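What follows is chain A paired twice: with chain B in the first complex and chain C in the second.
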Partner chain A sequence: MPVISLFAWMLVIVFLAFVACMFEDLESDVGSQSNPNSQVQLAPEMGYIHRYYNKAISGEGLSYALACTIAGTIALLLLLQFEPTYGPKAAILAIPVGAAVGSISHMIRSSVCYPGREAAHKRFEQPIYLDVFYGHLVPIATHNFIAVICITAIAYIQSHLTVLSGVSGTSNPFPLPLLCLIWGITVGAIGSSTGDIHYGTEREFQDRPFGEGRRVIYHGQICRYGDCGIRTSKDVVAFCAKYGGPATGLTFGLIVLFENWRTVIGMMLGGLTGAAWNPGIAAASGVGLGIAVAIVLIVLNTWLVRWARKKYGPFVGE
Partner chain B sequence: MTVTPAVEEEEKKGEKPKEKFKFSFDYFNESRLGIFALVVGAIIAVAAFFPSLPAFVKGIGVMAVILWGADSVRKTARYGLGTGVPSIGVLAVGFGLVGATTGMAIGSEIYHYFGSIGILGALAGVAFMAVIGYVSGVLANSERFIGMKIPGLERGMAELAMAGTLAIILECSIVAGSWYIGDILSPIKGYNIAPVAFIAVMFILAGFGMLQPYNSCLGADERRGRTLLMAIEIGGINCIILGAVATLSLGAVQGVPLLVMGAIVWVVFYRAYMKACMDESYATPGTGLIKTLGG
Partner chain C sequence: MEPITLVIILVCIIIGGMLGSLGVHLLPVGGAPAAMATATGIATGCVMLMTGSAVTGLFTASSVATFWESNPSVLLVSLSGGVGAMLMMGFTMLIANLIYIFGAGVVPVSGRAAVDPITKESQTEYKTPRTDGHGVPNVCFYSGIVGGFVGGFGGALIYVVLVSSGYAGFSVETAVVVALGIFIANAIMAAYNIGGTIEGFHDPKFKERIVTGLTCAFVISLMCGIMVLIAIETGTLGAGGVL
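Entry: the complex of A and B
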């Protein structure tokens, strides 16, 4: 049965990764972090005063690495304190408390960004709207909490897999904060590369011709009006939750699924620990499966791009 | 319309530093701040070898060094790097990890064979990274190599490397009690984990202390005083987290004063920073419509 339990834990990790990346993308939309933020930053300089929240902690990858690492550190402290007494049950306390500390720290850090950046736009007459400032802090903290708790849980599962699955030698040797750092960078990077496209093109630049990059002459010309009234960053979230967020979560979930799936299958073919364990076969079959998955994905993507170009007209440059 | 607020702002600027905080950054220009932080950071880093040095003194050293690093990031990136600001901060702590490992290893080894003179060995890592940072700056700037031609990059890189090294050494000694490499690699008393397990949080905390202030304040009307206020505020947050870690690894006597000091610093400087932003912005209306310029 050990393979089934490994497989089950893998699926739990995939599900958590899906939820984490979806909420990561939505959280970055609350405050317009990462790539689309460069246009939000440019808008007042071009004369377009706006009511977006300018959350420039850093890129998404790093700021999530920070929140997740703090969460992992606090969780590890609590685990070290309570695990000897309560065993694995200590995680029930440690993971949520760690995630709460991480997301509060993230909220505090994002609260200094909006006043800082808009005060630096004084000469362009961009005011600091206090309702925008206060109104975005709680959505940032709550969305961030869901993402960070999922990442901390993934890191916990990885570092305690031997206890949880009963297969010896499967625990990750890295300590919990380091795993959180790596997962945080990854979740931020995927959220930035996949989710920002939907937010940027569909909400900030709605009148863009198919396939065209943003011309320099239009820089800073973001859509400042919503369906009704003036748009704030909060309004973007409800829109992106329908497509951009789940698509981002799916991307990250699939990456984690394929990556772990090939490892588990490879381990199975290699004899799965114990006496019959052959690391060479395990590694080789894992790499082979990975290449096969990559080829299938490349073919599918090429076909998708061809279909989209045919359906929505040629690129402007063609 | 534009003249009136500007005049008001001038007046506020004139009276503000005197009443809000005595520690004015006007005296600490870029060079003086660098020398001050280097001296304070180096003295505390050398003294941090001794476990009897209270953790909150090391925390003061970390905050001074992070302030210096944030100033160096500002100096290097002000020229026009937008998205490069976080990269420079992370580069600084990347340098820092290498330099700190070098310094701690050299210092511990000398201490092992020649006694207490070895505690100066940590400075060898700082000097080593200063050279490496300067060389990397030359490589990036020189036309013979990459040719980025960023003004002051060589000096900025050297300063960032030194600040990162001192920050990591101090943070290691906060968590482990001393930067003696044996203490860092051997398990914490009573727990099955070594202080080096917390290297990720040390890395990212020091990095954000340096990169976030300028990244969050960047813009046409960015002011150095505001940016540095935020650097100290983030130093306070770092001390809170490190205080929590030190409470576990060294006990409440070391950890709690650091945590309390971090909390006080954070509250004071967060308020000062927010006040400065609100006062110096164009306007702070409760809510309002946006001004429309031709659609």
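Entry: the complex of A and C
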């Protein structure tokens, strides 16, 4: 029974991871952060005056590590204050309040970025649109809040897993803020590596031919018109929420799923605590399972690339 | 502390740091151009990608290290970290390819090799003109998997040597922060050495710059290792190096 509880908590963590990374990517789209923002930054220099939100606080990994660590630290302080009195119920207050502080700090950094970056573009006649500025701050904060609250909840569950699941020795030894830092870096790195492609390759250059890499001569010449009227970054997030965002969430969800799954299965094969517990077998089983999953991934990618080459064929055009 | 133990800690930190640097050189990093399918590789920076994968491995390694009441197996914990980082890289590259193929209609193709050195698939005719390739082709995927494993192994090796009561005996928190610090310093130097984008072991840049990169990693890790030894011997990080 405790093992089932452990698996149930693992699946809760995976679900939260999916939501966290999806909203992380969508937040980076609505605020235009990370790699595709290089085109938003370049556009005025190419004569393309735009109404995109221009925010690149830092790399996504670092900015999310900061927001999540702030959230985790505040949550830990509240837990230390209220857990002795209210027990685990203190998390109901601590996690949302921590995430709110983290997302507000993120919003403040975002609000400084836009005027600063666009003011630097004055020589290219790029205005600072106040409606763009005000209109994007709340979507940035809300998307960020969902991502940060999920990460903080994941960190809380992982650092309290022994209490929650009833299986001894399953809590991660890292304290809550450190887990927030780790998952913040990871969620940012994944959001930057995968979700950005849908925004950068497709949405920013939607008026260019589909099915080819964006040539260097196109750089900076971003698509500025929406289905109706002039495009803003809010139109970007609606588009990317249909494919890039969920795919990014899937990446982090699968990573967390298989990382926890192989550890838990390894623990079961090692005897799951008690007299028969053999840490060597548990660790080696986890490593073996991980290598098996990696081999499956290699086969899948080889097949996928081969399929794409056959289906799409060589490049046609000039 | 026994001099031989101090030497082992120093050697493990140097090996871990150098493996981290080697891992960064093996990753297919496309940087900002890859986000527009203008360059082959993953659409982010070297440091961010390597750190993201290494901390994922470190998370699993820390869980595995708690399997032992004291003196965790250095090899098994490091392998767990390596496999964790490898899986992170594998899933990221696979889903990135799904977005390239189905979200942008782009065929993954190498910009630096006319023929894939492993699968022997031709690359040039699939490449969009005036780009440096796009997507994560098979050779880059294999290189990324190996790079993730090597980097994750190095990061976890530093962590387990620092946290093990048979070696440095740091607290978990101190060990992970020190390990991350050494790892990120090496990753940043490797990123400077690469200077932009790299596709993996088949990239001409790899052969040109790997020696310089590893030499830098050796020097940095040696300096970091000496700092750690001073902290252990003087008890700077709390009594006896334990916070």
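Please note the rule applied: the second predicted complex is superposed on the first by the 306 of 318 C-alpha atoms of A that agree within 3 Å, B and C clash if a C-alpha of one lies under 4 Å from a C-alpha of the other, contacts with A are read in each partner's own complex, and residues count from 1 in each chain.
Heads up, the rule we're going with is that a residue touches a chain if its C-beta (ideal position, glycine included) is under 8 Å from a C-beta of that chain, and two chains touch if they have at least 3 such contacts.
Being a predicted model, the structure only gives us computed values, none of them experimental.
Looking at the superposed arrangement, the partner reaching more residues of chain A, out of chain B and chain C, is C.
In the superposition on chain A, A:Ile230 contacts chain B only, with no contact to chain C.
When both complexes are overlaid on chain A, the residue A:Pro175 reaches chain B and chain C alike.
By the touch criterion defined above, A:Gly280 lies against chain C but remains apart from chain B after alignment on the C-alpha atoms of chain A. In the superposition on chain A, A:Pro88 makes contact with neither chain B nor chain C. Once the two complexes are laid over each other on the shared chain, residue contacts for A:Ser38 go to chain B and to chain C alike. Within the superposed three-chain model, A:Glu118 lies in touch with chain B and out of touch with chain C [touch as defined at top]. By the touch criterion defined above, A:Ile70 reaches chain B but does not reach chain C.
Touched by chain B in one complex and by chain C in the other are residues 38, 59, 62, 175, 178 of chain A.
Chain C makes touch with chain A in their complex at residues 31-32, 34-38, 42-45, 47-49, 51-53, 55-56, 58-60, 62-68, 72-73, 76-77, 79-80, 83-84, 86-88, 90-108, 119, 121, 125-131, 133-138, 141-142, 145, 172-173, 176-177.
Of all the residues in chain A, the ones that touch chain B in their complex are 38, 41, 45, 47-51, 56-59, 62, 65-66, 69-70, 72-74, 76-77, 80-81, 105, 108-109, 112-113, 115-132, 175-178, 180-181, 224, 230.
On the chain B side of its complex with chain A, the touching residues are 2, 9, 82-83, 85-86, 89-90, 191, 193, 197-201, 203-205, 207-208, 211-212, 215-223, 226, 230, 233-234, 237, 241, 244-245, 248, 270, 273-274, 276-278, 280-291, 293. Across the complex, chain A meets chain C through its residues 34-36, 38-39, 59-62, 169, 172-175, 178-179, 182, 185-186, 188-190, 192-202, 204-205, 210-219, 243-244, 247-248, 250-251, 254-255, 258-259, 262-263, 266-267, 270, 279-280, 282-284, 286-287, 290-291, 293-294, 297-298, 300-302, 304-306, 308-309, 312, 314-315, 318.
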